[in-house]
Structure formats: structure tokens, C-alpha cells
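First chain A sits with chain B, and in the next complex the same chain sits with chain C.
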Partner chain A sequence: MSLPVSPRKVARAAGIAVAVSLAACLVAPLVVTAAGAFVDADWYGKRSEGALGTGAAGLFRYVLGIWSNALLTSLRLVGTVVPLALLIGAPAAFAFRRRPFPGSAFVEALAMTPLAIPGIALAVGLLLGAGRAPRFGLLVAGHLAYTLPLVLKTISNALERERADLERAARSLGAGPWQAAAWVTLPRLVPGLVLSALLVFAVSWGEFNVSFLLATPLVQTFPAGLYTTYTTNSFPVAAAATLIFLAPIVPAFLAIQALGGEEFRRGLSS
Partner chain B sequence: MRLEVRGLSKSYGADRPAVASVSHAFPEGRISAVLGPSGSGKSTALFLIAGLADPDAGSVLLDGRDVTNVPAEKRDIGLMFQSYALFPHLTVIENVAFGLRTRGVAKAARMERAREVLETVRMGAFAHRRIEGLSGGEQQRVALARALAFRPRVLLLDEPLSALDAKMREDLRVELFSLLRALALTTVYVTHDQAEALALGDELVVMREGRIEQVGRPADVYHRPRSPFVARFLGAANLVAGEVSPGGDDLNLPFATIEAPAGADAGPCWAMLRPEDLEVVALKDADFTAAIASVQFLGPVQRVRVFAGRQELLLDAPNDAVLGDGARIPVRMKREKIVVFARERGELPPSPPSAPVVAAASVDDSPRTVN
Partner chain C sequence: MCVVWPLARLAAGTFSSPRAFLEVLAAGRYRTSLVNSLALSAGAALVSVALALVPAWVFARERFPGRDLVRTAVSLPLTFSGVLVGFLAIVMLGRIGAVPKLAGLVTGRELFAGSAFTLSGLFLAYLYFEIPRAVMTLEAAFRHFPLELEAAARSLGAGPFARLFHVTLPYAAPALLSTLAVTFSASMGSFGVALVLSRRFTVAPLEIYTELTAFLNDAVAGALCVVLAALTFCVDRLLTRRAA
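This part shows the complex of A and B:
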């Protein structure tokens, strides 16, 4: 007896249906948010904010007016965390992979632990440990704890794929350890460095837990501000703020996706 | 430049030394072929000479100066890697010029020199290509050019042809031979391929389990191996369990008795006979007759597997001889070619490290995987 439709086709169709509905569930809030920022509807409570009524442009101007400080804090934070994470993480990954020392495996494992620590614990720990430090410094420390593991992993993977014999070849051709690193290892690591910079940027830009708990009225990151805006402002204002938040992160994720694929192919071919 | 190693030792595990107290002075301006099965420590020895691995003991001397503690980049030793290890992010000419760039040679000068070396390996037309698109043979030439461009004092080659297919290997072997000869550099050529070692080396160094087993001119080592291992490793060899009579006069083999080679010690022995030293002759000149078991046509000769009684032997017959399976042929042993090794009573013949008829398979050698 043969079925009218093959089971494989049914399974395939079901799979596609599940994937599409999942994607729809993920995208739906974004659609609502985007609509909220652009549709001029009284029942969203737009009028209640007073300074509005001049369309979408006016709304965004208003939102930027309230949250410019938080936005600047976030930009400054990301601008500090991304280079610091790379400057600390990449050489550390190189040391762990290429110049292991007694106990380096333990140190490496230790560096990964923040990923498993809840943000609240980390934030409270930072406050208890160094509560008198400038708040911005604490924010940088908290973000570094979460982003360094990403750099370590990304660069470690890139180094593991990279054949160590290229470095040996450079040495035999007269390059000292630093020259070999600068002329051979580093150029080969550029895709990995760009990838980890994007990852650090995405995580740091969107990090909420630590940022929220360490926030002061003067030093507040944009995601922390987003929380406040959702609890206190009208929906169109919150929606516009969300779109501003998403503006840099979506391109970053697309770039990560594209680069990750490229990295993967390179890894297979070499 | 004279290159010498003294008591060089290196072990990666606790119990298995990769190189065990190797001492040797490589002849100046000549090619030394270092031959050994994979895992015999020959590549490790090369890395120790290049300074890319630190010896546990012993020293490396260049022109009598101890360079054991000199880092790799200061030794001026050219090394061609088995994997070629070309820099994928650089072009062909940038790869070749790398060793000049590290030495601070100005761009124009190093590009000119790189181009010149690329011409000598007939890769001039590929100067601005990326490494990725090159064939194995092309990469091999670029790797050689890169190792030569900075005018090294000593050249080390680690299995330079092993990554190529058989036909390409033959062609490049001839080319490499004339190129290396013309350079007259002190060269150490590591290989597990006995044909390569015999053809390229002014001197042959046979290694086994981290030690030097025998050193000599290729022909001498081939004709007068010092151990059954060397006999078997350098080409095909019949090893027949026999006995030299108490007076040292007779050599008793299971299928014949002949006069013993001069200087043979009395007692149990292995008699080594290469296939080409067994001749098919007229019956009246024969030492024994043998039954043909199988015939392999190799081109220049036919390699025939025969049985003399219960003793299996390989012999080379002319490529136009008519040989039928099962036929009996009269065989004579070339007396002057017989080599005798002492044997323990009941000792089994050493198994050949590589198949005796076909050249050794390309098996990877260690240090690339050892970090």
C-alpha cells in the first residue's frame, strides 16, 4: 500500500511550517514596535507626551532628546570595551594556544566562568568589591567580564585552525617571535579579530543586567534607559527608542553571520 | 659551511626518544640524504638543526661554532617544510622575499632577488599569483625558492617531494638534483624514499629509531649494508638463514654450499643477496635450480619470485626472458655481492620496513604533529 503523499514530503512541509511560524513569532514584536513608532494613532498614547504631534521625525527628535545621555554612555562604553576586550583577549588567547605555561589551562577556564555567573551576582560583586570606583569604570569591568570569553574563544578557534608550521616557517626565514606574530599570525587572524569585535560590540551594546544594576541617574546605558522608557513613557516613545537601539545591532549581526560563514569555509579548506 | 651535530638527543615522550645521541659531520657543499622509515627521527633531527626544536642534549655546530642556543631566526639556515608552509596571505613573490624582508633588505632589492630565484625554479611567471591557486608541484618550487632566496648557509629539505604524485615526483627529482648540485650548498635532504636518497645524496645517512645506522656513499651502503635492516630498507634484498663453516671457508645455504666471503665469521648468519645479484644462467654454471612462483614485469627487468627448495627468493631476470610459472630455472649467485651478517640461532629475518618491490608509500613523519 502506498500513501498518497510520501512521509518525507509531509515531514519537510511540517518542518518548513514550524520554522516559518517561529520566525513570525520572533519578527512580530519588531513589526509591532516599528509600526508603533511610525503610525500616528491616538490610542497608543502618543499625545500624552505633550511635545509631539509633528509626525515620526518629531517623535524621534523627542526620544533622542530624553535619551541622548544614555545613548552617549552606551557609545562610550562600547567604544571602550571593544578595543580593551581585543587588546586583552587576543594576546591572552595567543598565549594559551601557543605559549602555554603551567596552570594556563586553569586560568583559561577561569576566564570563561563569567558566562555562567548571573549578571546580578556580578554587578553586586563589583559594587561590593569596588563600589567607590567611578561608575563608568565598573560598567567597563562588568562588560569586559562578559565579553572577554567571546574574544578568547573566537581567537583560540582561529589559532587552532591556523597551522603552527607557518609561524615556524617565518622563524626559519629569519623572523623573530614578534615579527612572526606581526607578519604572519596577525594578518591570518584578521577575520577572527573582526568577528570577535562584532560579537563584543553586539553583547556590550545590548547588555542589560549588569548595566541596569550599576546604573546611576547620571551614568546609565541605553538598554537600561529602554527599560525605564517602557515603564514610564508612552508606547510610541518606547518603540522609537527600541528602533534606535536596534539600528546598529542588526547590521552587526548580519555582518557576524556573513563573516562566520566565511570563517567556517576557510576553516574547512585550510 | 660546515654543519656538525654532536650527541644530539630529543625525546617527546618519556620512553621513546625521537633522536638519540646522533653525532655526524655533514660534508661541506655536499648533499647528505638522511633516509629512514617514518618515526626514525630524521625530521626531528632536521628541526633541531634548524633551531625550531630544542635538543635535550647535544649541540649543533656551524663552521665549528656552537649555535645550539642561537634562535632559529639567527641561524641563517634555509628549511623547506614537508607541508611547504607557504604563507597563504602573501603572493608567490612576497613569500620568496620573506627571508630578505626579515633581514631588512630594501624592497626593490629583495623583489629583484626573489624574481631571480623564482626564475631559477621556473616560476617567474607566477610571481604575483596567490598561493591558493598553485598546484602541488608549483608550491614545491615556491617553497624551495623561499628557502634559498636569502642565501642560507645550510639548506635543509624535509621530504620535499613526498606530497607529490609519483610521476611529478620523478620529474621534480631530476630537476631538484641538478639545481642542488649547481648550488653546492651544504644540504641535508630528509626522505623515506630510498630511490630519492640513492639518486640525490653525495652521502647517505640511514637512520633507525632515532640513531644513525650507517653512513657512506650511496653505492657503498647499497652494496655493503651493515645490518639486515639497512639491506632491506635500501631496495629489495633476500635474506637467507645460513651458516659459515667453522673454518670460515664455506657458506652453507639451505639450497647450496659455496665459498664464504672473505672475513666472514664462523657460525649462523644471514646471507644477503639482492635480486639483481641472482642470475639466470646455463645449467652447467648454476649454483642451484629454482621453481618460478610468479613473475612481475617492472619494465627494465622482470622480478621473479622463485623457490629454491623451501627458500623463497626474489631475482631479477632480463625483461625479454621467457619465464613460465612453475618452470625450473638454473640460478647463479654473484659471489662478490654476497654480504653476510651474524645471526642468532632461531632469529627470524627482519621484516622489510617498506614493501621490497614497490617504493615506500608516502607516510607522514613526526614533528609536524608534535608541538
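This part shows the complex of A and C:
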């Protein structure tokens, strides 16, 4: 006599049920947060912030208004860090893989250390070693330290998948070393470069440790501002600020997943 | 440069003031924060890996309608920075959080109110950001899991327990260990979550921040950083070496 349903099918259904309920648990706080921003209910403490307009539009206008400086700092920082990380990281990865020099393995290992040490340690070292360096420059340095390993890894992976003999073939046909790199290797690295840019963007936009420790009242990034919002503002304001934080990073993350980026498995440092 | 200078400054600071170093290891307050960090991180790593096993296997092996959506929902918290996770914990388990409100509607008593600010609340928040990491890391490993081996063992007459202990576990062990390493390291460095949630107890990154900003005690903050980094590095090495 056979069972009406096979144990294999039961196990499969149970596994899917577990996965779905885990997803529900993880998403539930976000749903409540979105409700806080969009549902115009009498949330606790809302009345205390008199500047609030009515409805979600008024709320978001208010939040964007109080955090416009921090948002601009974050955008400026991301706009500086993404090109710099690519301009430094991509040639460096190319050098490490294709034109190794004495000591290049050591330099590479050194550049990768931020992945292995707690984020706060690097931030404190940066702060202690800062002296009177301009804060924005320090922020850029800290973010570069965090994001360069991601670029190095992504481009290195792309280079390893790529066949080095294409470049050699170009050389044998008379192309100089730089010509071969620029016309043969570089175009084939474009997907890797796009992935790197997205990774750097996501990590730099969401980075908190360095930004928070180095923040001054004038130079403050949006994630550092989030902390202030969470500790001082009412629930709808905090919820709206959270959604503004997530608005650029979630699409970037989805694109990273679609492009098969494994480097974001560690996510943002918490 | 960006990496070397801060690290060198940390190391130099520590060796130029060995007193601070001893203080960190000896004084109850600092040692407690390090022990708390170790215990929380180890607990969060173990529990998150255990909870991630089934979803990771399902995502790696099964195709079902809505799979991509569920998978995205599970991995989405990877984009949340620590303070955001802390905020979400308060949203759910704060003094007027969603869970107590819901419990109040159902049972008439507001259960779990304010539990976000207790040790168990902090632990749940750690789990919240560790589970997505664990699921994604394990899923990548499970995708290459040789199912044929298990089938072969079965055809040779091995029972379910023999298969689990002699075939499946030995094959999965490296993936489990490296996932433990990833989650443990992430918890050890976690700062934002505790910054928002911690009330009575402390964890090492928070202690570093307090020393730095409230007491202006650079030497102790630096020494704590070095000890925290060393502990994280050692455990990470131990686990990844066993995995290899």
C-alpha cells in the first residue's frame, strides 16, 4: 500500500513553508515602518512635531527638509567614492592578476584586511590618526578602505574568468601592452565594473560606523542622521527617513543580485 | 594608504601605552563588554545558522512559484545598516511596539512590551541581520551539494541516520563552519544595533565608542579595538581553517 502523498513531497512543502514564514518574519517590521510613513493615523508622538504637514506627502517633504544637508553630504560622498574606488581598484586588480610585481601579493592582502577586521576598529584608527585632516576627506578615505576590497574581488573574479590568451593574441598581432589592455581586456570587464560600481554605491550609501564616528554637525551623512532621527523624532518621521534611506539602496541591491554579485553576501556592517 | 594608516595608528597607540592594554584585559567593565560580545556573537552565529539550514536548502534546490520573491525578502536585510535594524527592533518590540500592541488586542495584555531593550531583544536583532547572511552563504554552498552521494549510500544499504552522519554532515561541515565564521565576525563588529538598543549591558564596539566620545580615552578605545579585532580574527581563522 502506498501513502497518499510521498514523504519527499511533504518535506518539500514543509521546507517551503519554513522559508516563507522566515521571509514573513523578516519583512514584518518593514511593513509596520511603511505603515508608519504612509498611513495617516494618530501615531504616538505625532502631534508633538508641529511642522508636520498632513498626509504622506507633507511628512516626506518635512523629513527631506530637515535632512537635506545630510542627504547632500551622502550623495556627494557616494559621488566621490564610487569613481575613486573604480579608478583605483580596477587597475590595481588588473595589476595584481596580470602584471604581478614583487610584493604585489602583500599589497593585495593588506588592501583586503578591512573585510577581516571589525568595522569599528578601522573607524577608530582613522579617527585617532586623523589629526586635523578635513572631515570630508577622512570620510572618503574610510569609505575607500571599506569598498576597495569589493572592487578588487569583483574585478579579480572577472579577470580570472576571462581568458588571458585573448590579450596574448592581441599582443602577437602587434598590439602594445596598453593597447591590448584598453581594447581587448577593458571592454570585456564592463559587467564587472558595473557590478563593482553598484557594490561600492550600496556599501558607501549605507555605511554607518565611519560616518558616525567622524560626523560633525556640519559634515554628517544620512545614515548618521538616521541615528539622530531614531533617538529624537516621532515614529512617522523616523519611518519616513528609513524609507528614504532604503529608496536607492534596495534597487541597487536587486541589480547586484540580478547580476550575480556574490560579494554582497556579507551585506552592510551592522 | 587608507587602510595602512589607521591600522598602523591603532597598533602604534596600543604598543606605546601598554597600560591601557592591561587595563582593558583586567578591568571588569571592559572585560564584561568583550565577554558579552563573544557570547552574543557565538549564540547568534549558532542559532542563525541553524535557522538558515532549511531555507538555504529550499532556495538552492527547489523551484516553486514565488521563489525569487521569497528569496529577495529573506536577503533584503543585507541592505540595512545596524541602526536601522535597531530601529526595526523598537518598532516591533519597543514599549509601544507592534508585537505588544497586537498581543494586547488578542490576549488583553501587552506582552513583550519594551523587550527590544533587553538582552533577548538585542539577541533577536542580531539574529535579524545574521539570518540573511547565513542563508545566502549556505545557499551558495548547497547549490554544489552532491546529491548522488546520498543516493549511492542509500543504494548501498545505509539508513537515514548513517547517511546523515557519514555522508551529509561531513560534506556540509565546511560550509557550516565558514558560515559560522562569517556570521560570528559580523556580530563581533556590530555597533549600530547595540547603539540603538543597549540600555544596561554593553558590548565591545559600544564600549569603544563610549570611551572615545564620553571619556576621551583614546588609549583604552584603541586597545579595546585591537583586542576585539584580534579575538575576531582568531575565531575566524580557527573556523575557516577547520573548514578547509
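Following the convention adopted for this analysis, the second predicted complex is superposed on the first by the 253 of 270 C-alpha atoms of A that agree within 3 Å, B and C clash if a C-alpha of one lies under 4 Å from a C-alpha of the other, contacts with A are read in each partner's own complex, and residues count from 1 in each chain.
Throughout what follows, a residue touches a chain if its C-beta (ideal position, glycine included) is under 8 Å from a C-beta of that chain, and two chains touch if they have at least 3 such contacts.
Because the structure is a prediction, the values reported are computed rather than measured.
With the C-alpha superposition on chain A as described, chain C and chain B fit side by side in the combined arrangement. In the superposition on chain A, A:Ala70 makes contact with neither chain B nor chain C.
Of the two partner chains placed by superposition, only chain B is touched by A:Pro187; chain C is not.
For the superposed model, the angle subtended at the Cα centre of chain A by chain B and chain C works out to 100 degrees in steps of 10.
When the two structures are aligned on the shared chain, A:Gly119 is found in touch with chain C, with no touch to chain B. When the two complexes are overlaid on their common chain A, residue A:Arg171 makes contact with chain B while staying clear of chain C.
Within the superposed three-chain model, A:Leu59 lies out of touch with both chain B and chain C [touch as defined at top].
By the touch criterion defined above, A:Ala85 reaches neither chain B nor chain C. Applying the stated contact rule after C-alpha superposition, one finds that A:Arg163 touches chain B and leaves chain C untouched. Counted by residues of chain A touched, the larger count belongs to C, out of chain B and chain C. Between chain B and chain C the least C-alpha distance in the superposed model amounts to 26 Å. In the superposition on the C-alpha atoms of chain A, the part of chain A touched by chain B in one complex and by chain C in the other spans residues 270. Every residue of chain A that touches chain B in the complex is listed here, in rising order: 163-166, 168-176, 179, 183-184, 187-188, 270. If you check the complex, the residues on chain A that touch chain C are 12, 15-16, 18-20, 22-24, 26-30, 32-33, 36, 44, 110-111, 113-114, 116-122, 124-129, 141-142, 144-145, 148, 202, 206-209, 212-213, 223, 226-227, 230-231, 235, 238-239, 242, 245-246, 249-250, 252-254, 257, 262, 264-270. Residue ranges of chain C in contact with chain A, taken from their complex: 1-10, 13, 51, 54-55, 57-59, 62, 64, 70, 72-92, 96, 98, 128-129, 131-133, 135-137, 140, 182, 185-193, 195-196, 205, 208-209, 212, 218, 221-222, 225-226, 228-229, 232-233, 236. Across the interface of their complex, chain A is touched by residues 50-52, 71-74, 76-79, 81, 83, 85-89, 98-99, 101-103, 146-147, 150, 368, 371 of chain B.
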